[in-house]
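The structure under discussion appears below in the form of structure tokens.
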Amino acid sequence: MAEIDFDGVTKIFGVGPPAVDHLSLHVDDGEFMVLVGPSGCGKTTALRMLAGLEEITSGTLKIGNAVVNNVLPKDRDVAMVFQNYALYPHMSVAENIGFALKIRGDSKSEIKRKVAEAASILHLSEYLERRPKALSGGQRQRVAMGRAIVRSPQAFLMDEPLSNLDAKLRVEMRLEIARIQRLLGVATVYVTHDQVEAMTMGDRVAVLRDGQLQQVDTPQDLYDHPVNEFVAGFMGSPPMNLVRCRVRAGNDRIEVDFGDQTIELPWHYTSSHELPASGLDVVVGIRPEDVIITDASSPNTIQTRVERREALGAEILVHLSHVDPNTDPSAYAENARADISRKASLVAKMGPRVKITVGDVLSVQLSPEHAHFFDAATGVTLRKRSR
Amino acid sequence: MTTLITPPQESDDREAPTPPSRNTRAKVGRWALFFAMVVIAVVMLYPFWVMIITSLKSEAQFLSGGGFSWLSWKHLSATIPVGQEVLSSTIVCSASILIILVVGLPAGFAFAKLRFRTSTAVFLVIVSAMMVPLQAILMPEFVNVTKLGLTGGYFGAILVYAALGTPFSVFLFTTYFRGVPDELIEAGIVDGLGYFGALWRLVVPIAIPAIATVTVLQFIQIWDDLLVGLLFIQNTSERPITVGLAVLAAGRTTSIPELMAGSFISALPAMIVYLGFQRYLVKGLTMGIDR
Amino acid sequence: MSAITSNAPRVRRMTLRRRRQLSGFLFALPAIALVIGFIGVPIGQAVYYSFTQWNGLTSTWIGPSTWTQAFHNSNLWTALENNALLLLAVPFALGLPLGIAVLLHQRVAGWRIFRSIYFLPTAISWVVLGLVAERFFAYQGTLNSIIHALGFSHVNTNMLGYESTALSALGITFVFTMIGTNTMLFLTGLATLDPSLEEAARIDGAGRWRIFRSITLPHLSRFIQLAFVMTVIALFSALFSLIFVMTGGGPGYATTTMEFLIYQTGFNQGDFGTAALYGLILFVLTGIVGVVQLRLIGSNE
């Protein structure tokens, strides 16, 4: 078992922008590290460089204390689970799981014992003689896992291993993989674009965008303190409301133009935030769960109208657009001033029993304690680093 | 790659909802169709009929037209060294096919998965070689192989057959391996295989259907070939059976019933291989345009 | 960890991609060597020897005069003409199999057995088929029996015996030998045709012929192209066995095609230089067809 260290690792395919751009990331021994990011951001490429399947353009990659840039995959002692499982079609489940051991030259009895052990952890014992073709998707996934865990490698590498499963199975295997990883204590790099997986499985989560690392943190820190607008918008479902506002502020407060309405967010955090100069644009981020319905007399409320309502069973997503209380809603569009937050709208997450119908006019409160502020020009958080 | 292997399924639903008035007409049509198929079958079986009937006559019976006897079969081995020739054919076929596979499999793997700098161009050159008929290069080829002293035994013919079969096998294996997901090979490599190990322990087992296709097609091709065996095996006692037959036939002194008996024997192995592995043959033939 | 550090000798210097490429090259090398040695080099030699007087042992450079001589040689023109005339067999070698494949595709009772029977001659050597064809066309052969049975008892043919008919007999035999392969190709093509297309056309009121014309044929076009190329290449380079046993190129030069002329010139007349030159001509002819074939393959990739 070993720790993994990316130090300025870059991958450039031919010409064009780097697929992975100066990635520096440390994975502790036994840690479950999740790589997330939108499609094409370089997650797979980073993982493949770690496996030795892709050459590193520049930078240093270490497993344990050894630089592995030019070490052959077979000498790296890492195990990989592929998105499409890549099971050997001509081998039985048992042969699939035991293949790496056989190559390594383990004795027959040794292989048998380890395969049986892995199979029992993965509830595959009844299927050992079957060919992959005769297995369900979930079973194949488990065989792929089995192939990895049987080796007790330095590290597990997994590339979206659950994306081919149906929703229910995915939840099940999510827990299963996390359980096994904890059981074996092997450093794991897990690629996904599913943020629920990222939040629930990872000890820490690394968010990538266009090959660049945005933030590495525990899931909760990532959720609570996104370092930039991108991470804020990426993590959380439905995504955080991001509203572009102009600061009209003195030293202790900030005014937010929300459509024609202006609300004041008393600035509790002057100590913790870099306050931008008046006249600058900021992006205010509010998670849907922090948009709260109140009565109009409360402070910092805005008038909104329900445009759309999505009932998800356990919760309701309400799409809100702002309304100017002084204007007839139908005439509003023509009268509106050109304003940077003209198109502002919000998504609110509500309990399932809230009675709301499309067309309702609601007062919602944007609680400043839960708001995030980003520099509109750079997207970087205005929150001061606590360290 | 996989779509064409399955033979067309028998299905009766295509004619199912015919209104009663058209029923009889459809029935007549079906019978006419069946009759046509029988006629074609007779035509296609004609060579076998000629071989069998003719071989079951003595030379005298053949000339006069009537009667049957086993005489030609009994005297066959005296006229044509059938046993020796079948053995020669078998040796030449097996050795050539072995080389074609041993050379073609790694090359196909390389062109599909381990692409090197000029691999696309090299691949195209090799595939173009499929189009070069032996006759076009017959003279230099013959002189080269003779100068190398390879026309004495089987080696010259084996190498020429191998060289002629290699472009096709490279093409077929490359196309086949392109259909194998990269991840499968990569999984093996991460599991601890080198490239040779991946070739031997993953690629070859997965390629069994393609190997069967190459083997069957090349077997029939080489077994049935005349030109290479005729020129590149100088020793008459090492002649393959197809060559033996052709030379006797061209000499026009051999009894025709005996020639037909020999022909029948020569046709047998290829027919058996063909009937047993029909689907691989079809697959090989349509290689490159299937899907 | 020890595994990584301990065996880290000089090869580790090589980058992963270099190693992969090197392995790839080494894997391809035997095939490259075989093809270059036995096909590439002889093409070059053929070009050289076509400018020489060559008997297989010694060659003397005589320059382009071999070429002018060759083109004044009537045998070359006869052979080319024979090849051209044989091209007339190609429509039959495609049309008959197309019809047979369509019949098979109707799937009447026992069509699988018929399919196997139709393809069976494909397995037999053209040497053997040539021998059988000789029986068919012979004076006492099947053809005359059929003609007599039809009531023309005084008509006796001997197609292989006359210059005027021998080439036709060869062409007919060629068509027969190609039936199996081409039928197989077309049947495979038909099997990939989505039946619901025909279904839909039928519901739209299209007749059988119309369906065949506007749905089946266009669908088969790739297969027909492939069959065409394969048939033409066979015509230029696979008739040797048939000619060798059926006619020996005769009577006269009536059935001598390019490939047979090469063999005769080289091995019967010992004029290796001219034979090499003829080989080049054949190479160019098939090369033209080959380019078409590569186009077909290429358009698929």
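Order of writing sets the labels: A, B and C. Residues in every chain begin at 1.
By definition in this document, a residue touches a chain if its C-beta (ideal position, glycine included) is under 8 Å from a C-beta of that chain, and two chains touch if they have at least 3 such contacts.
The structure presented is a predicted model; accordingly, all values stated were derived computationally and were not measured.
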Counting only C-alpha atoms to place each centre, which chain is farthest from chain B?
A
Of A-C and A-B, the pair joined by more C-beta contact pairs is A-B
How many Å are there between the centre of chain B and the centre of chain C, using C-alpha atoms for each centre?
14
Quick check: how many Å separate the C-alpha centres of chain A and chain C?
60
Centroid spacing, where centroids are CA-atom means, of chain A and chain B in whole angstrom:
57
Which residue numbers or ranges of chain A touch two or more of the other chains?
52, 72, 76
Would you please write down the residue numbers of chain C that are in contact with two or more other chains?
none
Please give the residue numbers of chain B that touch chain C in the complex, ascending.
3-4, 6-8, 10-12, 14, 30, 33-34, 36-37, 40-41, 43-48, 50-51, 54, 65, 99, 102-104, 106-107, 109-111, 113-117, 119, 122, 124-144, 146, 159-160, 162-164, 166-167, 170-171, 195-196, 199, 220, 223-227, 230-231, 242, 245-246, 249-250, 256, 259-260, 263, 266-267, 270-271, 273-275, 278, 281-282, 285-286, 288-291
Interface residues, chain A side, partner chain C - complex
2, 52, 54-55, 63-66, 68, 70-72, 75-77, 154
So in the complex, the part of chain B that touches chain A is made up of which residues?
181, 183-184, 186-194, 197, 201-202, 205-206, 208
For the complex, which residues does chain A have touching chain B?
51-53, 72-74, 76, 78-80, 82-84, 86-90, 99-100, 103-104, 147, 151, 157
Going by the contact rule set out above, which residues of chain C touch chain A in the complex?
1, 3-5, 7-8, 12-17, 19
